[in-house]
Every structure is written in structure tokens, then in C-alpha cells.
Amino acid sequence: MNNRISEMVENIKDLLIEWRRDFHTYAEAGWVEFRTASLIASRLSTWGYEVRAGREVMDESTRMGVPGQAYLEEQFDRALQQGADTEWVSQLRFGFTGVVGTLDTGRPGPTIGLRFDMDALDLQESSDDSHFPVKERFTSVNDRMMHACGHDAHMAIGLGIASLLAELKDSLNGKFKLIFQPAEEGVRGAKSMVEAGVVDDVDIFISQHIGLGAELGEFVCSDLGFLATTKLNVSFQGKAAHAGANPEEGKNALLAAATATLNMHAISPHSSGESRINVGVLHAGTGRNIIPNKAELQVETRGATTEINEYMYERMRKIVQAAGDMYEVETHIEEVGAAPTCTPSEHLVAVLRKKAKSVKGIQKITNTFTSGGSEDATYMMSRVKENGGQAAYVVFGTTLSAVHHNEKFDIDEEVIPLAVKTLVHCITQFDTPLVPSNRGE
Amino acid sequence: MNNRISEMVENIKDLLIEWRRDFHTYAEAGWVEFRTASLIASRLSTWGYEVRAGREVMDESTRMGVPGQAYLEEQFDRALQQGADTEWVSQLRFGFTGVVGTLDTGRPGPTIGLRFDMDALDLQESSDDSHFPVKERFTSVNDRMMHACGHDAHMAIGLGIASLLAELKDSLNGKFKLIFQPAEEGVRGAKSMVEAGVVDDVDIFISQHIGLGAELGEFVCSDLGFLATTKLNVSFQGKAAHAGANPEEGKNALLAAATATLNMHAISPHSSGESRINVGVLHAGTGRNIIPNKAELQVETRGATTEINEYMYERMRKIVQAAGDMYEVETHIEEVGAAPTCTPSEHLVAVLRKKAKSVKGIQKITNTFTSGGSEDATYMMSRVKENGGQAAYVVFGTTLSAVHHNEKFDIDEEVIPLAVKTLVHCITQFDTPLVPSNRGE
Amino acid sequence: MNNRISEMVENIKDLLIEWRRDFHTYAEAGWVEFRTASLIASRLSTWGYEVRAGREVMDESTRMGVPGQAYLEEQFDRALQQGADTEWVSQLRFGFTGVVGTLDTGRPGPTIGLRFDMDALDLQESSDDSHFPVKERFTSVNDRMMHACGHDAHMAIGLGIASLLAELKDSLNGKFKLIFQPAEEGVRGAKSMVEAGVVDDVDIFISQHIGLGAELGEFVCSDLGFLATTKLNVSFQGKAAHAGANPEEGKNALLAAATATLNMHAISPHSSGESRINVGVLHAGTGRNIIPNKAELQVETRGATTEINEYMYERMRKIVQAAGDMYEVETHIEEVGAAPTCTPSEHLVAVLRKKAKSVKGIQKITNTFTSGGSEDATYMMSRVKENGGQAAYVVFGTTLSAVHHNEKFDIDEEVIPLAVKTLVHCITQFDTPLVPSNRGE
Amino acid sequence: MNNRISEMVENIKDLLIEWRRDFHTYAEAGWVEFRTASLIASRLSTWGYEVRAGREVMDESTRMGVPGQAYLEEQFDRALQQGADTEWVSQLRFGFTGVVGTLDTGRPGPTIGLRFDMDALDLQESSDDSHFPVKERFTSVNDRMMHACGHDAHMAIGLGIASLLAELKDSLNGKFKLIFQPAEEGVRGAKSMVEAGVVDDVDIFISQHIGLGAELGEFVCSDLGFLATTKLNVSFQGKAAHAGANPEEGKNALLAAATATLNMHAISPHSSGESRINVGVLHAGTGRNIIPNKAELQVETRGATTEINEYMYERMRKIVQAAGDMYEVETHIEEVGAAPTCTPSEHLVAVLRKKAKSVKGIQKITNTFTSGGSEDATYMMSRVKENGGQAAYVVFGTTLSAVHHNEKFDIDEEVIPLAVKTLVHCITQFDTPLVPSNRGE
């Protein structure tokens, strides 16, 4: 069967690259993946998947960092103009851009879930001639939106897998659930899909990423977890006053914010493991001669465990509140993103490593990758594990033209067919059972 | 003669208001008063003044806070389209927007200098129906430029005085020098004109302002000085790094800026008089998960004396430098505005008070006004006093619809003819000599 | 009478100096002036004054910065051994060391109050041979207690005046109230005597000081007020933890104190006049490797007016509380001293200046002195003025060997007889009435 | 031979306890272990060891945190009075309190080094009846010096081992080097002995500790390292000024120190492993109304690796320097203690675990202990490993009455004979070679 899969992948290779470049051209940021998601839904449906999208697969209240209504609508219109699938797109309106396609073989077997993220970054793509997408004319047409983290390739991989599974359906068992998630950047989208129950019936869950410092042909199947994280917007609202004439009447939001920032960075490290905090952005004040009445911070906390992240969050919260009190300034903290930590399942990791070994093109199987970034697939992994299932996070190496999140980021597209082949092989070959024998189906 | 002046003012009252509203309509911010200044130069010239403009009356290197070339050129084009006087405007190009008109009576006598400021604020004018300029259709046509501090009226007053003096020329002695200064907001323009020598031959110098909390009919002729001030832009240039993956590699410009800000505000007060510092604006960072590599501050210092202001400046400078060193971050301080302190000349103040008393419409003569703002006319006052001359700063009260620098700021235009009448009366009536007898002419 | 006073002073000159040196030898710090006060009470009583002391002239609850009971008792024993007057000292026990002597002439007339402060500083006197008290063998026998601010001379002046008034009684009118106050250093003692009502019947109140930068023969009779002030001890109580093993368990009192300190110094200045804050002492922590669980600060606020001082106090209070909350640390603020501001009465100042002019030895009458220090005589001045009386604060210049509060501070003792003569002259000569005619007696 | 060792230990058990209690009674802090070290030298010498002490085994310039000369001399006198061995003590004068005894069997074999620390803590021992040393009358006679970390027992163990080895000499091979080190608390003493070369010829090095949270009968033989650490005293020297009268003249050392402290705690964590910093003590200022001219900090840095500790140190250094510059204050950093990190040698750890298993009384062999404290035995371990030798750090559990460094700290003395027995067994039994076969001798 290995050979058959290889052959099938070879046949759709051009299509895979075409898909990737189309997604790249119409890059859409988190929560506005209207065109992207509607086309995915349409294709999955065509291939015989049962497709659910929008509010069916997203819990409204646990979406995080969703832009304002006006912007959502403006982007919705843009997507329509850029060829969104009109049959599906209305379900996605107002930032409900998740899509889940399920292929039921009708035969007993585990439910295997795969997750692909769809959003681009808020980044202006390079127009330099040396940038491959410039040469090949598929740079992003959307201002300050760019696929600079490989999600365009992830979706191509997802569609590739979907089409192969559809074709192989009669020789497969169990169910396959392909989850296309919005707003991974800023860890904003996964929680909402989990809360909507999309992984509740999943026995085996695999999330994947390309690049991350690994080389082409390298398959990273780690047993290490991600740092838990919370993303926050903090605002301080004080009172303006003329800095020369009556400084005592001001309530200085900038000094409150500066004090909060310094003291947040001075939070004691935690003896149980890594902790991080960053005030990445601070904007305050309206004029040189005015006591600043406003300050806004973009903050993130991280921890080796969810508990450590909560410790950082709780200390941060107290510091913000107190810094506000110190300057008689109102404070507000808004959570705009979050992800727990989650360690991959040992058994599943072992199985995937073993299976991947036999895939042609996989030259090296390793354990760690350059990360430190956050990943909200951990919400899905955690839920699956809580329900007794298994979860893993794998990386397919590829040659990068620049680091992730850089305006000149690009990949070696060979990773796309390789990832499709490897993942299909891993989830369809039953000499090594994915599910350990002590778990009934 | 008092009656004659009153009559003359009455005759040009409509014109005064027309001028003011035209300046208001085509409000131009500091250093881009191309249309405004060119029209003033043109009128002064028509009335027989010897007019000098541009580089002749401005020292290039001591202009402060001048915008970039591209913006200057863009605004120059705008001014051309809005009816700038083509004969004069080319001299003003690239931000040399000062104009000086001299009327030489040919008879011995003191040189009397008057200064009028021309720039609008970076403020979007209200479009509310309750706003008088909306009703009368003379709101600013220029985006984010608005005369909300009365400089439009100042220029109308200046032109009114100019026309009267021209008409009265044969009955006057000495010289009259009318100085139209750009970029008073942010105290950026006066120094450059002083350095070009425009007040070096002035014996009597008077600067004036309208409003400032005084009521219509009130003439404020104070013997109090302004706070000296310096306006600064401070930048910190560090090094970005991923806040989760390798925080130790970042050079945190935001923490440097926050530390600098707190410690600037903690500078010891000075026992010799008032001191002030304000970090009015702080922008730092590029993303939530990136160690911030950039921070920019808008700062001002003030002092009851120039020495105290220098003490504040020097302490500020050390703090910025050290905060940079603390985080291994490059720092840069750019001076974008400055004004010394200056106390009015006692004798001149006394004379002006006495003369104003006899002007019809002046109902109250007072000593102090609501200020705390800065004023770079003090550069001119200081230079005149250094040369042995006398200087004063007077305020004409008027009813305000909103405080200075507010988007709904407006005035009672009656103040314009009243100010013209009073000032012409003060500088032309010789029963009380403006120059004390111990100073030769 | 001027001559008679001069003669009388001449006669007691040696005694005045003897008294001063005795007080200097047995210097006693604030609240433990047991020997000093008991001897003063005894002498006043001998001279026919009605003497009240201890709880009769001090309100217990408004004493500030009183040491602990054990220390008070230890010092009480010391005073007994050093010759305290056994008849009076028991009334003074436990830190009630105020003494008031009243001389009632029996004739109608104003009640004139004079205030003298009695406490020494917590300072080790120099044992250097160049120090005059060393040479003349009257250095302090009490460890870390030294009269380095001239209060020893103040008391000699007070006793001198007392003895003269007693002698002159039959030719005088009204009442004379001599108030000997403890604990002026740290502005701790005056409030308590005011609250006990000791100046409630005073029509004319004069407080005096020697030195303060004025030269011998200079009489400073100012119409300027002192800065209002509050003295505070601030403590932070956190939780210790091993800094290497479990830093997250500590509640860091030192970081709370450092944050409070920086932000206190960054309180906005007040547009109505001078403001000051100083964290003069900070002690925190118990060991290098322990998260500090304790911090103690000595703080003072000042203001040109009582309102400005209250503004500083209130801001300080909020900052301390918030810094505690920020680190989950308990805070406590104890007020250990305070003085309001008070401007001398114009009329009284004018009269005193006029009267002093005719005193032989007074060579110069001036208006200002080097101060910036605080003075709780303002409590008495304020109360007298509130009741419709008049108050002044005068300074007698003298040559100093070192600045006030220095271990080598010493004075030219000639100031003592001169001050006695001048003050007696001022309060007994009725050619210029001290009380303006529109105030009945 | 196991039995013979057990028997020998049983015979000296009372002596071991007597030694420990004697050391406990005459507790001596770091660098003043004059009595302790002289008695040890004397005993080793008596048993036939070649003994070197003082400058022979200590490099003068790399001793850290040595007290001032006057204190050293005062303590030297105290030690003489408390029975220091007069033959040896003079070599130890001025803080050269290290002792090394070498037993050369004359037969080929490895040189085995054992290290024992001798210093007490600066702690006042409890006088509470519940405290065992109170009941048994061996509490410390020296004020603020107490063995509250078990070094008294360490020395008893060292002497016990020394006496056994001497007795067993004829049946042993190689050399045994017993190193008695001063000033382990504050990690001040080891470096100096290493620099003097005392471990340069050591093939196998073992350091040991008792307690640390392990229970009696537990033998902890870890392959984990300690955190590297540096201990620092930081001082700021500014300029005093009166806080009310002329605050601008002060150079505020307290604000410099507070700023340094906050920013030190805000140093970015390091992605390669744990990092720590603590400002444990801060003393600043001389009086409430004086701008503080002095501040002193006790600081420590730590890191999972020596490189991370150096990163923390270097950041700390820059922050201190910059905080000084910010307030125009002189800064000085004195290194008063340091220890690198060091991981035990895998082979040696494995061998010791295996050998210990057969010792009667050892009930449990474990891998980790509660630490987080620092340990400068790592200097010795590092040097031995650099030279190709092997090093380990072992812990003997014992029941504690209170945590380490507590005034009621006490141990179950049964640990002493057990440790002697175990260590002698480990270093003398050659069925499992301590030295791997690929290292020739």
C-alpha cells in the first residue's frame, strides 16, 4: 500500500502546489479566513466528507482576540470579491471560520483527528525580486496579510490527505476527522473549537507543522510539550492635565503602565520550571505637554506547565491592578489568546516514529525542534488525552528562505507531498496499531 | 489721534474678520505656512513695507522640529493649489516660512518690533453644527490642521496694525518692524529668526496673544515671565528576540524607556523655583511575543528660570543615557523645540498699562493670565533686553467657546479690532515715551 | 527702660552662658528631656512663675514619634543620676517633658507667649580638640545626644527672659507665658502642647531661633512661612523564601519598597507651590539568599501650604498601599512628626522690626534666612492666629563653627544676651503697641 | 572487611559524638575557624597524616568575603582562649583556616580526596529548653555563631574516617587526602584551596553533606549538579543634601539602588536553563530629611550552568553601573563568594550507589535532594574532572529538628557513624573499582 500512496501523491503533486500558492496569494489573517475556509469546505464536501462549518464547530464565547464587527464585515466583502465559495461562506460570517470534514468508512475503527491551521500573519510580504513568490507571482494580494509561518502549506497538506483518504475509503476503517482551525497565530482559535466539541470523539489526534528549523527530509516526532501561554491586552485609563500648568490634576496612565511593566518583568521565576512574561508593545499618551491619560499594553505570559503560567498570570494581574491604584487610574485586562501545555502521548509518538521510518523521503527522525513559540493545538491534544485518547505533534522539516514570521519567509514545496505521504501512511497502515490493545474500540 | 485710530479701525473691521476667517479656512501647521506667509508678505509689500522672507530672516540650523523633506514638498504643493502668492512662496520653500516687514518713517525714533505667530495646530477641527466656524462655513479645509489657539486672529491683528501704520506713516517717527513667525506651537520657530538677527535692531518689542482665560475688554500686561522649556524626542534602539524562545538575546528598548520615564519623573525639584518634566507620549515594541527593540518618547522639561530648565535637561540627558546603557540599547535625543524664560521690562509694562487705560473698549487692566504653556517669543524678548532694549508680552481677553487647543475652540472676533486699536495707540502715542529718557535714540 | 534692660542683661551674662553650657553638657534628645525640663520648671517656679508641666501641658495622644516605654524609663533613670530636679521630674515621666511658666502682672494687658525648644539631636558630638566645647570641657556626656542646633542657647535665652520679666514685673502689664517645648527635632512635640491648650489664651506669640545662616548682630524678622511637613515611618511586611530553591513563594518586601520609593519621588509637582518628598532611609532584608520579608522606610513630605503637603501625603499613602498590594505585602504607615505652614502676622512683624532697630547690638534687620528645615512652632502660630492673635518667628544671627546638625556645630555665645535684651525690649516697651488698636484686650 | 569497619566505627561512636558536640559548642564562623581547624590539624598529625595548613593550602588572593583584620585578630584571641591548638594555630592566623591531611599507603593506587566544611553560621542559637543542645548543654558559647547546617557533624565524620584509614593503612592502596575547608557558607572558601592546588593530584573526589531533607538511612547519590552562583556586595556612594532646602544638590544613592534592584530582578530569564538573582539586603540613607548619599546591597546570582550565571552577573554589572550613572553616584561591586556548577561523574555515582547498597544501615538509595542552596565543593569537583578525575557529591539523610539555617536546627547523631562506615566502605573496598579501567595509574 505504501507504493500506492506514493503514486497517488505523485499524481496530485502539481495540484498540491497550486493549492498552496492560491492560499498564499489570498492570505487571510485570523478570524477573517472567509475565502480560505469556504473553499476548503467546498472541496471536502465534493470529495464526500460530511462537512460542518461556522457556529456548528465554534463556541462563540470562547473565541479570543476577535476583531471588531466593522472590520469583520469589511473583510467578508473582500473575501466575496476574491472568490469565496458562496455556498459555504455565509456560515462563516462574523468570524466563525472553522471547518471540520468527517469521512466515515462505515467500518469499525478509531476516530483519527488531524488539525490544520489556516490563518496568515499581520505582515506585509516582501516585494523584493529575490523573494520566490515574487518571481513566481503568487505574493499576497492582501495588504499586511502574509502566510509567513507555513499555514498555506498546512492547508495544502490537509486537502491532499483529504483527497487521498476519500479515494482510499473502501480499504480503510474507522473515521477520519479533518479539522481546519482559524486564528492559530496569537493562540486564539483552538479553544473555541474544542469547546464546541469537535475533538470529543477523537481517539487519535495529530497536529503538524512544517519548518521550525528542521531540514527537508527530517521528521520531528517529539515527546516534549509546549509552554502554556496567555495573551493579554492591558489598558490604563487615567486623566489628562496640562503638564506645565496643573500637573497635580492628572492621573498618569503612562507612569502606571511603566511601573506595571517593570514590575511584571521582575516577577520571581518559578522553581518548578520555565516561566516567561513579555510586555511586547506599549502605547501611551496623546501629546508631549499633556499628562498621559491612556496606556495600552500587549502582554503574554508563559509557563512550562499550565500551573506556572497561571502563577505568572495571577502575579501579572495583581501588578496591573496595583499599578493602576498607585496612580488612581482605571485598569482593564482582556484575554485575547491562550493555550495550555500538553505532552504528547508516549505510545503514539513511538508508533509514529516507527511508521515514518519506512516512508521514502524521510531521512531522519528526531526528537526536538526550535520552538518556544506557542501552539493552541495543545487545547485539542489535552481534551483528547483527558478523554482517554492519544495525541501527538509532529514537524516536517523544510528548507526556509528566512525565519518564520519574516517578510521573506518561504519554503521548499517538496515538503508538501512528503507530509501528505507520511501522514497518510501513518494513519492508514495497520501493522502497528495506533491504538494500544488495552483500549477497546 | 486716538479718535482717528478708532475711526480707521472701524473702517477695516470687516476686512480684519475676513482675513482671520481666510487664515482659519486654510490653517497651516508649523513650518508649512506657505500660503499664509506668502499672502502676508504680499500684502505688506503692497502697503510699502520693505519685506524680507525665508532664508533672509531664518537661520537654517536653529530651526527646530522641522518635518521631513517629502512632507514639506507635499505641503508646498498643497499651498500652491490653495492660492499661495506665487511671487513670494518660492522663498519660503523647504520650511523657511518667516516674514518680516519694516516700515521706516525716515524720521529719528526707536525701532519698535511686534511679533505675530502664524501656525495652526495638528488637530482635526470639529464639524459639529454648534461650532461657529461650521455655521459660518470657514472651518479648516486642511486635514488635522486647525487654528485652535488664535494665531489666525493674531495675524489679522498684525495685518490690521500694518495697514494703519502705513496710512499713518507721515505722522510717525522711527521704524516699525512686523515679525510674522512660523512654528510657535512646540516653541520651534522663534530661535531661528532671532539667530538670523531680526530683532537685533529692535528697541521696543511687544508680543501679544488673545484669550488665555482673560475676558473681552481685559488687557493683561504682566510683569511675570514664562517657564523656560525644552521639547525633546528620545529614541531607544535595542534588539528584537523571541520572548519565549530566546529572551536573553533581546536588548529591551521598552524596559529602558520605562526605566528612563520613571526616573525622569523622579528628578529632584529645584530649590530656586518651579521645575517640570513630562513624558507625554511613549510608543514601544512591535509585537506581543517579541522583546521590544524600539521605543520613542516625547518629552518636555520646564523651569522657572533658564538655569532650572537646564538642570532638568541635564538630569534628563543622564537618565536617558544610563537607561540605554542599562539595557545595552542605543539612545538618541533630538531637541525639537525650546524657549528660555524672560521677564518683561518693568518700565515698558508700566507705560503700556498707562497708555491702554485711555483706549475705549479696554475695561480692565490686569497682571496675570492662565498660562503654564510655553511661548518662544521669549527668545526675541531676551535678545532685545540683552541689547539694552525693552520687551513686553500682552494679552487681549476674549470670550472663548472652548479652551485653547480644543477642537471647538473659537473666539469673539471683537477682540481683533480692539487689539489693533490698542497696540497702534500704544506704539504711536508719545505723551508717555516708550523709551526711558536715559536711553538715546 | 532700654538702658535698664541692657544693664540687667549685662549682670546675668555669665549666668546665661553657664546655663547654656550646662544644658549642652547634659544634652537630652526629644521626649527624654527629663533633667533639662525639670531644672527649667524649678527655676521658673523659684522666680515666681506659675508652673505647669507634664500631662497638664501635653495631650497624650497627639505626641508624635515617642520612643518605647523601656527606653523612656532607662533615660528617666539616667536623668535622675544626672541631677534632674526631683520635685518636678516625676510629672515629666514617660515622655511628658513640656513645661509652661506664666507670669501674671495682675494688670490688664495682652498675654504674650514665647516658645523655646529643648531637645538635642541624635548625634555624637565631636571630640576633636578644635571643637570649642572640647576645649572648654562642656561636651555632651550623653552618648549620641548633642545640642547641634542651638536649643541649649534657646533655653538659656528663655531663662534669661524669665528672670528679667520676674524682676521687671511691677512695671509690666498683662501676662507672660514662657513655653518650653520638647521634641522639636522631627517636628514631634508642638502639636501635643497646642492640643493641650497652652496657647489658647495667647494674644501675641513669638518663636525664635539662633543661627540659620544669619550673622551676629543680624535680626531676621521674616514675613515668609515655613514649608508644611509630615514625617512618616513606613513598613512593609512580606514573606521570606529561599531565593534559589523556591523564589515564587516569597512576598518581596524590598521590591515593594523600591517600587514605592521610586514612585513617591515621581509624584507630580503641585502648581500652587513648592512640594517635596524624601525617602531618607531604607532598610530591607535579612540575608543575601533570602527573598526579603521586611522593609522599613523613613519618609517626609513637605509643601508650601498645608494643602500641598496633604496632597503629597495622600499621593504617598496611595503609592505605599499599592506597592504593598503589588507584592502581596502588608504595609503600615506611622506618622511620627508633623507641622503645618504658617505665615507670620504682618503687623507684628512690622512692630518687631521697628522695636528691634533701637536695640544696641542689632546691626542689621533682614527678611529671609536659610531654612528649608521644618519647624513645629507653626502649630502654635496657627492656633494663635486662628484665635485672632498675632504670631511671628524671628532669628538671631550668630557666628557658627559648622552648619546646623553637624558634630562640630557651635555658636558665638554673645547671641544669648543680645537675644534676651532684644526680646525683652520687644515685649515690654509700649511706645509701639504690639496689639493693633482694633483688637480689644 | 565490611564487618571490621562496622566494628571499628562502633568502637569510636562515643568519640564521634563527643567531637561533634565540641565543635558545636565552639562554633566558629567562616574564616575564623581557628580553634576548630587547629584541633583538626593536631589530631590528623597525631594519627600519622602529613598535615599542611594555612597559606600552604590556601591561595591568598582568591579567598572571598574575608572579614577585616581587626575582627580576624579579635577572633584569633578568642580562639586561643577557647583552647586552640597552639602548635598549629599560628599558621592559620589572618583567616588562613584550611587544613589538609594526607595518608600515603606507600602502595600504588589512586589518590582519593574527601572534603569536609568547617564553618558555622552567623546565627544566634536558640536557648529554648526544647532545643536538644540546650538540654545536653552543648549550645554554642560564641555569640551569633551556630552550627545550624551540620558542618559540626561533617567534621566528626571526617575525623572518624581519618582515624579508621590510619588504622587500616596497611591494608590499603594509594593515597587519601582529607580536605577540611573553611567558609563554605556564602561559597567563599573552596576556590582558594583549589587555586592552592590541593585537589590537583586527586583522582577520585567525594564531598558529602548530611540532612537536606533526606531521611535517616537514606543515601542520596545524585547525578544532578548544583546551580552556579556568585555572591556580591554592591555599594553606591552619592552626595548628601538637605531634602527640603536644596534637593537638587544631592546625588541620591537610594534611588540609584532602588532602580538597580528593580531592574536586576527584571533581567530576562535564559532559555538554556534556570537563572536567579536576588537583592537580599538593602541599607540606604542616614536621615529622614537628607538625600541619601549611601546605599549597600547584598546580591546573589545563580544559573543552571556557569555560563548562565555569568550572563546574570554581566547583566547585573551593567545595571549597577548604569543606575549609578543615572544618579551621578559612584558604584562598587565586590565579589564575596562564588561557585561554578558541576555535574557528578556518572561512573563514580554508579559505583558509589552499588557499594553503598551493601552497607548495613543504608536503607534507601535515591537520586535527588532538596537543595537550591549553593555549594562551593563544585570548585573542587570541577578541577578534579578537568584533570581527568572523577567527582561525586553525596548526602546522608538524618532526622532534623528544624530546617537548615534555623536557630533550632539539630540532627540525629546516628548519621555520623553511619556516614563514616559508608564512606570508608566506599573508598576502601575494591571489588568494584572506583577508577574505570580505561584510566591507568
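Lettered A, B, C and D in written order, each chain numbered from 1.
Here is the rule we go by: a contact is a pair of C-beta atoms (placed from the backbone, for glycine too) under 8 Å apart; a residue touches a chain by one contact, two chains touch by 3 or more.
Just so we're clear, the structure is a prediction, and the values are computed from it rather than from any experiment.
Visitor: Touching subunit A and subunit D alike: which chains?
Guide: Shared contacts of subunit A and subunit D: B, C.
Visitor: Specify the angle of rotation obtained when superposing subunit C on subunit D by their C-alpha atoms, rounded to a multiple of 5 degrees.
Guide: 180
Visitor: Of the pairs A-B and B-C, which shows more C-beta pairs in contact?
Guide: Of the two interfaces, A-B and B-C, more C-beta pairs touch across A-B.
Visitor: Just curious, how far off is subunit C from subunit B if you go by their C-alpha centres, in Å?
Guide: 50
Visitor: Using Cα averages as centroids, what's the distance between subunit A and subunit C in whole Å?
Guide: Roughly 70 Å separates the two chain centres.
Visitor: Return the residues of subunit D touching two or more other chains; collapse runs of consecutive numbers into ranges.
Guide: Residues 245-247, 255, 259, 262-263, 265-266, 268-269, 271, 276, 291, 372 of subunit D touch two or more partner chains.
Visitor: Specify the contact topology among the chains shown, as one of line, ring, star, complete or other.
Guide: complete
Visitor: Spell out the part of subunit C that touches subunit A in their complex, as residue ranges.
Guide: Interface residues on the subunit C side: 245-248, 250, 252, 255, 259, 262-263, 266, 268-272, 291, 311, 318-319, 321-323, 325-326, 328.
Visitor: Please give the residue numbers of subunit D that touch subunit A in the complex, ascending.
Guide: Listed in rising order, the residues of subunit D that touch subunit A are 262-263, 265-266, 268-269, 271, 274-276, 372.
Visitor: Flag every residue of subunit A that touches subunit B in the complex, lowest number first.
Guide: Per the touch definition, subunit A meets subunit B at residues 186, 227, 229, 231, 242-247, 254-255, 257-259, 261-262, 265, 276, 278-292, 295, 298-300, 302, 370-374.
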